[in-house]
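Before anything else, here is the set of structures, which you'll find just below.
In what follows, chain A forms one complex with chain B and a second complex with chain C.
And now, the complex of A and B:
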């Protein structure tokens, strides 16, 4: 989880991210951020998310869980 | 989001399209990327053709996809994505613009029209032989594999 938080923070250009943080609460969370996260997850985790996958994701922890479930699938 | 996508815009929407493409209030966030795109590809401009308005970027024949809201009677586009094939393997997205209501923090539900437009380009690119990735020109590290 820690490595995921670090990579997500780097991608969003935020100094620190906690798993309880809400994605939409970040001022940096815009379309470009979503695309950057999609690209990062593909490069680092070989997980290819679609935009619609983010509709059900509110928190950083939920995004982490989604990535884990896609990796297992 | 209840949207229609098209590569054409009616001529009478020129003013709204200019506002969308060239006077977007959030453009400052990707200023460096825009300057890079201008330097590499040239200035975008609207061209009137028999089929309607088209976007041309410098001397390049850019492809443009427009999004229209189904509920909006005025028929002006609410989003646009401009892209070019920059090599056999690569399509570069050089401009994305969406109306504030349709942005990620806008009043409309969903993940944001900007992302939806890029996914539309991804769908188009996946049908073109040889194309392996999409590069988001505003932020070059954003590479979406097909």
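And now, the complex of A and C:
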């Protein structure tokens, strides 16, 4: 999880991210941010998310869980 | 599906860009976004300058200008053209074919074939395949392939998803027979079930243009667009490219019995810098072998981006040398196509301005 938080923070260029943070609450969260996160997850986790997948995801922890479940699938 | 050809070559490439240049830094004021995020977009996607037609300039205007330039400089003889293929998404009219209009305006011979191909960003590779197939006919010795679009005229200036990336251009590629019979391999895939990912919804028979389709609508993310405008589902296209293009190229290399290392240049369609860098990283191709610099100076010009990349980066090199290249186009349709061929010893490879 810590590694994931670090990678997400780097991608969004935010100094620190907690698992309880809400994605849509970040001022940096826009279509470009979504694309950057999709690319990061593909490169680091071989997980291919679509923009629509983010609609159901609220917190950073939920995103982490989604990535884990896709990795196993 | 796979194709193979022999004894065909590209002998020259001329691209035509409108002289009218737009700066992203000026245009971003039209978008309802924080400036910092627009600057981030500029940095990541590589948006900077691009060329757009001014007023009502059409595809045939750019094409005729380029063809006349070649005739005047004796780089192409009008009577040698046996077929004129035009790949475009923005024809002058729904009817008749714009390729016929170009033929008429240039006064070309009647004993020839004109054909419009309705394909977009994969249009350069698809057009080459069509040109090579025609050259199998004894009566066809020289084919002119024109990839041209004026999509800026269909992009909403208030839509940050699409407007900053679109540029206009025409590319003229001369295709002919060759004594060198080293094989050319190509692969094509189509998925019409995803046709709505890149679409101009109105203006055809399904939804004719009307006052209703011209209305700007708030389409979310603070973007305004009408049904007459070009729509792109950016993240769906990104997923599509990252998922489908690497296996397309890998399978083509395998079919041709070639390794990625043996390819001098990977010349891909140029959607934006971000997508091309991610594609290169995913395929473990050094960035210097896969240019991604068309968008930052000219915008994404649809089917003409591969010739644009050639004229911009390799004009000197490809006049003197022969290189083993891999071409790949991907976009509306959805259509994606790749080709392996030897490219070089061109008689011209350059870019001119349409005044």
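Definition applied: the second predicted complex is superposed on the first by the 73 of 73 C-alpha atoms of A that agree within 3 Å, B and C clash if a C-alpha of one lies under 4 Å from a C-alpha of the other, contacts with A are read in each partner's own complex, and residues count from 1 in each chain.
Heads up, the rule we're going with is that a contact is a pair of C-beta atoms (placed from the backbone, for glycine too) under 8 Å apart; a residue touches a chain by one contact, two chains touch by 3 or more.
Being a predicted model, the structure only gives us computed values, none of them experimental.
In the superposed pair of complexes, A:1 makes contact with neither chain B nor chain C.
Using the contact criterion defined above for the overlaid structures, shared-chain residue A:50 touches chain B and also reaches chain C. When the shared chain is aligned, chain B and chain C each come close enough to touch A:42. Once the two complexes are overlaid on the shared chain, A:24 sits against chain B while remaining clear of chain C. Using the contact criterion defined above for the overlaid structures, shared-chain residue A:34 touches chain B and also reaches chain C.
Touching more residues of chain A than its counterpart among chain B and chain C is B. Touching of chain A by both chain B and chain C, each in its own complex, is seen for residues 30-32, 34-36, 38-39, 42-43, 48, 50-51. Across the interface of their complex, chain A is touched by residues 33-34, 37, 40-41, 44-45, 161, 221, 233-236, 238-239, 242-243, 274, 278, 281-282 of chain C.
Listing the residues of chain A that touch chain B in their complex gives 24, 29-36, 38-39, 42-43, 48, 50-52, 54-55. Listed in rising order, the residues of chain A touching chain C in the complex are 27-28, 30-32, 34-36, 38-39, 42-43, 48, 50-51. Considering their complex, residues 26, 29-30, 96, 98, 103-105, 110-116, 118-119, 136, 138-139, 141-145 of chain B touch chain A.
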